[in-house]
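What follows is chain A paired twice: with chain B in the first complex and chain C in the second.
Presenting the complex of A and B:
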């Protein structure tokens, strides 16, 4: 099988599988700081994979989005999150109450669903990276699962950002990336969103003395 | 400088200006003047578009036709009345010690930025930028929902951010799929997300991809419209944020999100044979209508109750657009206008009522007609209007939706009537004792700005009795765009 596939496609598939692996690792990571590092690593892998697509297809604007990914997702956002963790003094936060084996099994089921949903679309695509669309959708769903099961605010936000990583992978795998102006806009939104959340974390902590979002379950229909 | 540039530039510049100068005695006036400027520019833009037809701005970046210019004018108008209302309202909140000066500064600058993001979302020609602007609209309002910094408001803001963030992520996936479908037809140019280019080739877009894309976009933007089952953020955000924010969220943001769905529906209808998109919207609309109607009777908080009423009306409007065709689209647009005007007027009176009685709990709000007859009558008339009583305009649009449904989708009529009946009983039964009855509340330090309420209700009444031919032509034009 390997002989028929060009090296670049193999590299793209390799990076995509690393992204999926990192998505699983994030799902299982209980501590805050290693989680942020895993997220940074996912951003770096995403950047490398975009670079390979850009090099193979000669799509100049993909170099731009690779650079954007590197700066935003591998450097800037992890740095902001690290700073937040330090300032909020939640370094030692360990998430209890997550059943890792059950989560992993749920994750595997989600991956299978994602591959089946993506199959008809990726068959229509002519892009070199089309095989990775299933992986992209799977990482979106895994990030979504992470947002559901986490009970601390920062891991939830990391899940939110990881979802954006998956969407970015989907955009590069199906269509060689969105137009540059849209990508810049999305990047700006993500950055502003994280900054606003940073402000918001301080408000939550001042009010509840913790970042446990189980405090935020009072508003319900009675 | 043309009117379009002014419409976008005024809120952006004044938003930045209000951030820089901070909270001064004249800051509320600056807020009103900026909103007035935006409204005048948008009114002149409307005149221009209705007379001369659709046009582009800044190359092909922005596109204004009779459909979106209608939303632009409505957005700018409600923005203006809300800024007038919020002047004395926010000063009363400050006197009550609920808000500090830095927070008032945050409120004013974010209010203008919110107007900017909504106007940008409405006028952009690029479906990717539409997504960016919708997300930015969420971001500008998150800190407004948590303006009081109470535990409940923090929770509401967090829910708002996370739920809308997840929803909007699905809309992004839908946009990516749409781009993918478009790229196969239009090639790898930057034009494949421009709506005007897409609409020319909508018949050639791959139906399977478009169907999947429309589902993701409907669920994604539908979260922001407040469509069930992803409506949970809406009552919390409306109840816990300051009242002017509830008024613009309910009267404007929901419309803008629905507008995004309408734009994509035109493309999906062209690509997919049959009425796939319309059926989906009818289903979601009916579900939302019924869910909201039954939650209405259980509410204790007045703003929460009217938030559920917004969900209910959004369900009805989504249903109307789902039916499609000239009449239903006309009714949908009319109902959107009526709902925006009436609901923001209601939130204005509710804000003053809650401020006077010092609570949002309906059982503690009594005898509004004695403390302040104007607020009392405003709430009563607004409630009658939103419940679809003739001669108000909501009656006209609901009547059109119902008769159209009877003719083309008779199975839906009993569900519609049941939901509207349940909503009527729930809301009227709760508002009546609040308006009449005994009270001990004291007068407020700053007299409320009540003119916006009656301007809105007057317009709703006028449209119920007589729609100016100018407006009819404009609505017809917009309804035709939607196919």
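Presenting the complex of A and C:
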């Protein structure tokens, strides 16, 4: 059974597993800078996985997506976030609404749900990497979870970006990627989003002396 | 079961008994080198055992029979575990005696006895150590079982010998699930063998220790047996890890040549594994006892992820 899986599919599965692993590592990471590095690593793994799919299927536009992923998610966005952290002088540890082991268990439950939901869908697809659809869905949900449980602004943005990673993986695994126009649009969106959010960070900090977004829940002026 | 098979089984047990202190000594030596200390001699654990066996046993006043029997039970469990795990060959008479789940049970039995013995005297450190050991054990055991289930799903069997045979004979395939299981197994074996992120084997600070706290009251040959059993446990876990994740070189059948070849391969693998263990121990700091659940929870997470990834990615027809 497993012996029939070609090497390229094995590699894709391996990279997908690494992406899932990194999603969990990000969920468990307490500090901001390692969190950003993990995100960069996830981008790099995503790029490698896309490259393997591109090479196996001969889809030329996937090379473009891989290059875009590398430049944007593995280099540019982490660099912007690093700069932001330096300028904002974020020192404190990331704190979550629930503790890390509980988060992990919630994460496992999410992965189980994602795998079960994705199984019938991936059987419809004939793509070589269809098995990774479940992992893609799982990383989207884990990123969602991260956005929900984190209280500081920067980890929330990283969660948002990681969610985009998951979506990209889903697109690659189910249908060999989105059309180039859509991909470029999303890439630009994400980039602009991060830059705007970066400006927001400064505003939030100036207003509240903290990046804790729970302050935003108070609507009244003091 | 043939006569030569029986002889080889005996030889495997004797080899385990002889190599276990050597492995401990090797790990200690590597660790000392990596930390820029002058290393104790490689044979130091043997000298230690020799010294302890010559000394008299001093028993506390309140010691019950349990306290005296526990070292023998623990030692017996570890010898049995070393006999079941295929160290040299997958075709030894004792291999079908217990599958992997029973093997985890054998480790559990040893843990229960050593913890009970630690609580038996009634000193505060003993019961503290016993309770901590049970905490670590009850978190490590499910993770270990999950690791074993992952390998059992690949080979469709829970017998260690069958698992090893199946894994060794497959064409080389990248199993992401095995990678997850391997990481989880490493975590678990660090915790189970009282190694650095969870416990420090060289500590003399009573408040932080787990394993050492339990055996504070032991002396003489009892202590020797427990120390030897600790060495055997490390050996058993190393051999289990090597058998599950690097099964190449373990003989099948009882051909003379294969078995003779298996010995140097095993020693080489143990030497590399021991050096790696020392390396990992050197770059890590001991975590607080309250962080241990997090450490083992991560191990459990990896093991479950391995299982799930196995179900999702690798079971296509």
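By our rule, the second predicted complex is superposed on the first by the 209 of 222 C-alpha atoms of A that agree within 3 Å, B and C clash if a C-alpha of one lies under 4 Å from a C-alpha of the other, contacts with A are read in each partner's own complex, and residues count from 1 in each chain.
The rule is simple: a contact is a pair of C-beta atoms (placed from the backbone, for glycine too) under 8 Å apart; a residue touches a chain by one contact, two chains touch by 3 or more.
Bear in mind the structure is a predicted one, so any value in this text is a computation, not a measurement.
Of the two partner chains placed by superposition, only chain C is touched by A:17; chain B is not. In the superposed pair of complexes, A:131 makes contact with chain C only, with no contact to chain B.
By the document's definition of touching, of the two partners only chain C reaches A:115; chain B does not. By the touch criterion defined above, A:186 reaches chain B but does not reach chain C. By the touch criterion defined above, A:196 reaches chain B but does not reach chain C.
Residue by residue along chain A, chain B and chain C are tallied for touches, and B comes out ahead. With both structures placed on the common chain, the touch criterion links A:164 to chain B but leaves chain C unconnected.
The residues of chain A shared by its contacts with chain B and with chain C come to none at all. Touching chain B in their complex are the following residues of chain A: 59, 117, 120-121, 124-125, 137, 140, 144, 147, 153, 156, 160, 163-164, 167, 170-171, 174-176, 178-182, 185-186, 188-189, 192-193, 196-197, 199-200, 203-204, 206-208, 213, 215-219, 221-222.
On the chain B side of its complex with chain A, the touching residues are 126, 128-129, 131-132, 135-136, 139, 142-143, 146, 149-152, 154-159, 161-162, 165-166, 169, 172-173, 175-177, 179-180, 183-184, 188, 190, 192-193, 206, 208-209, 212, 236, 240, 295, 298. Interface residues of chain A facing chain C in the complex, by the touch rule stated above, are 1-5, 10-11, 13-14, 16-18, 20-21, 24, 28, 100-101, 104, 107-108, 111-112, 115, 118-119, 131-132, 134-135.
Only residues 154, 170-171, 173-177, 179-180, 293-294, 297-298, 301, 304-305, 308-309, 311-317 of chain C touch chain A when the two sit together in their complex.
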